[in-house]
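For reference, the structure is listed below as structure tokens.
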């Protein structure tokens, strides 16, 4: 069995890439491969927003990511610098900037790019979406 | 003197379009034209996020939009349906969904597409970015 | 020169790869509801939105192409499709899901002349 | 076949129109800091990022191209630039802001062979 | 009398090429953002040079990218951009 | 041994065209998302047909868009996509 890191650099909702990454990750774990982690960078960090209110007749990708993390122990890592400039911030970021509101909660984690280096080191394949 | 409606369909930060729209709006009001409103649609709604933490060495487009609204009375209208699915929600949206957090505050307003029809009706030009 | 409250919406994007097609249709229906006289233009990859035989449920996307035949009830009667864009993709008019008016490549600017405003998605 | 902890970053986007160039550079420097052996490839519009004579302050963008000459201090020594991409844009090597290694169009896949992972921006 | 606003590089996508195919006699073209690289594109630059007086380029975007202006293209700043949209009857953004 | 993953329409941008120019002998191409429209593109479809055995198409994306599969293209589902990335040494996303 093999191990994967997925790098998601595309926004949800506006593009299909993030959805494709989710489907790929699900297929990988279903085939008993290991997904070491999904790393969200650039507009991909928008996938981590807990404030997304998906209409009932549209696919809820945010919920799907959460299920993937909970059911298959796949870490969802959001690059802190790319995320915070796009308004995807944790409660700590919010406190630091005197903003009472935040948009990034578990199972998504706010991490530095070093975490991606660690994921990649231990993965047979890196696939970017 | 003439009147404009600007339609912004592009995300801040990831693309230059929203910045170009800001520069266009500023140039228009400086030339004594009227900007009836800036309407944010699709990924453009991300411009309205109050949670964006712009690094100190990067241009703060969110602050620039706010100045434009405050200094020149330019309405900043965010399409509610396009915004809410992207996590750009008002305190009312948040309450409706039992989420304590929100990301859209004044001078940005959450409106329906009907407001765009009214803006356009009274504008000499519609320019999309 | 241009009639007031007329709006042309140009569709040049393929469906599903991005949200342009779906959000363009949302815009068209809303504008029509608010008394705009809306005309739709499908050019380049935009014509791919009109194919009858699509099954977007396979990728959890909405089958919004099924709404096109209902647009006449939203008072959107003018649906123009670029002939050359169909031809270069090998698409026949009979493969489309809605009655359309074929236009030549160079007719687009002329048809836009009488429109007050233009959007593109 | 491929050396572990090697990363190729392909840059194919023009600067400023989108954030790919800037965020690719951020990625390269971070990965190098975390012990990855990073090689940069500039192809197609990516070569435009390397022009010396840019003044992005005019559009309130960061002059991140000034960082390229400093990459050697980040242990990023391999900067490959596609010859054909320069030629088709009428750009001479002397117009670039950093010392680079010219490669032929078809050399890219070969040079990627010894890399463990590849990203593109 | 349409002003066609371009924002992307003609080396990357076909927007400008498609736009040129549909251009009417009294239409204009504004090269902004990455579309200013059009002057580096041999084939497209040649086509643009035959449209003299109808092609405009946004100064801020050209200078930012180090793109030199050709004699057949009129350079305008953001103020000129605003006036240009009024000189034409409408604007289409590609 | 690179798998080139394409996601955009060849009628819109030059990604696939540029990729074909740089393709090595043992590389493969995966058409996903809007890249499945490549089979409708006469010129590119012809080029792809000469690469038999090396071109793959994602079934879900092709069916969603109503794109018919040609005989020279192998159709795979997401499970096949995962295995394909392992059959090749690495993946480049264009």
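Before moving on, here are some points about what is shown:
Lettered A, B, C, D, E and F in written order, each chain numbered from 1.
Just so we're on the same page, contacts are C-beta pairs under 8 Å (C-beta built on N, C-alpha and C of every residue); 3 or more make two chains touch, one makes a residue touch a chain.
Because the structure is a prediction, the values reported are computed rather than measured.
The fewest steps needed to get from chain C to chain D, moving only between touching chains, is 2. Chains A-B form the pair with the most C-beta pairs in contact. At the interface between chain A and chain B, over half of the residue numbers involved are used by both copies, so each side presents largely the same positions. With each centre defined as the average position of its C-alpha atoms, the distance from chain B to chain D rounds to 34 Å. Chain D and chain E have Cα centroids separated by 28 Å. Multi-chain contact residues of chain C, defined as those touching 2 or more other chains: 16-17, 19, 44, 59, 61, 116-118, 120.
Touching of two or more other chains is recorded for residues 13-14, 16, 23, 42, 58, 81, 125-126, 128 of chain A. Shown for chain F are the residues in touch with two or more other chains, namely 7, 11-12, 14, 33, 60, 90-91, 93. Across the whole structure, chains are in contact as follows: A-B, A-C, A-D, A-F, B-C, B-D, B-E, C-E, C-F, D-E, D-F, E-F. Touching chain C in their complex are the following residues of chain B: 7, 9, 41-42, 81-82, 112-114, 116-118, 120-121, 123, 125-126, 128.
Put simply, chain A touches chain F in their complex at residues 2, 4, 16-17, 20, 23-24, 26-28, 30-31, 33, 124-129.
Contact residues of chain C toward chain B in the complex are 4-5, 7, 19-20, 23, 26-27, 30-31, 33-36, 116-121. For chain D in complex with chain B, the residues that touch the partner chain are 16-19, 59-62.
Considering their complex, residues 7-9, 11-12, 33-34, 37, 40-42, 59-61, 63-66 of chain E touch chain D.
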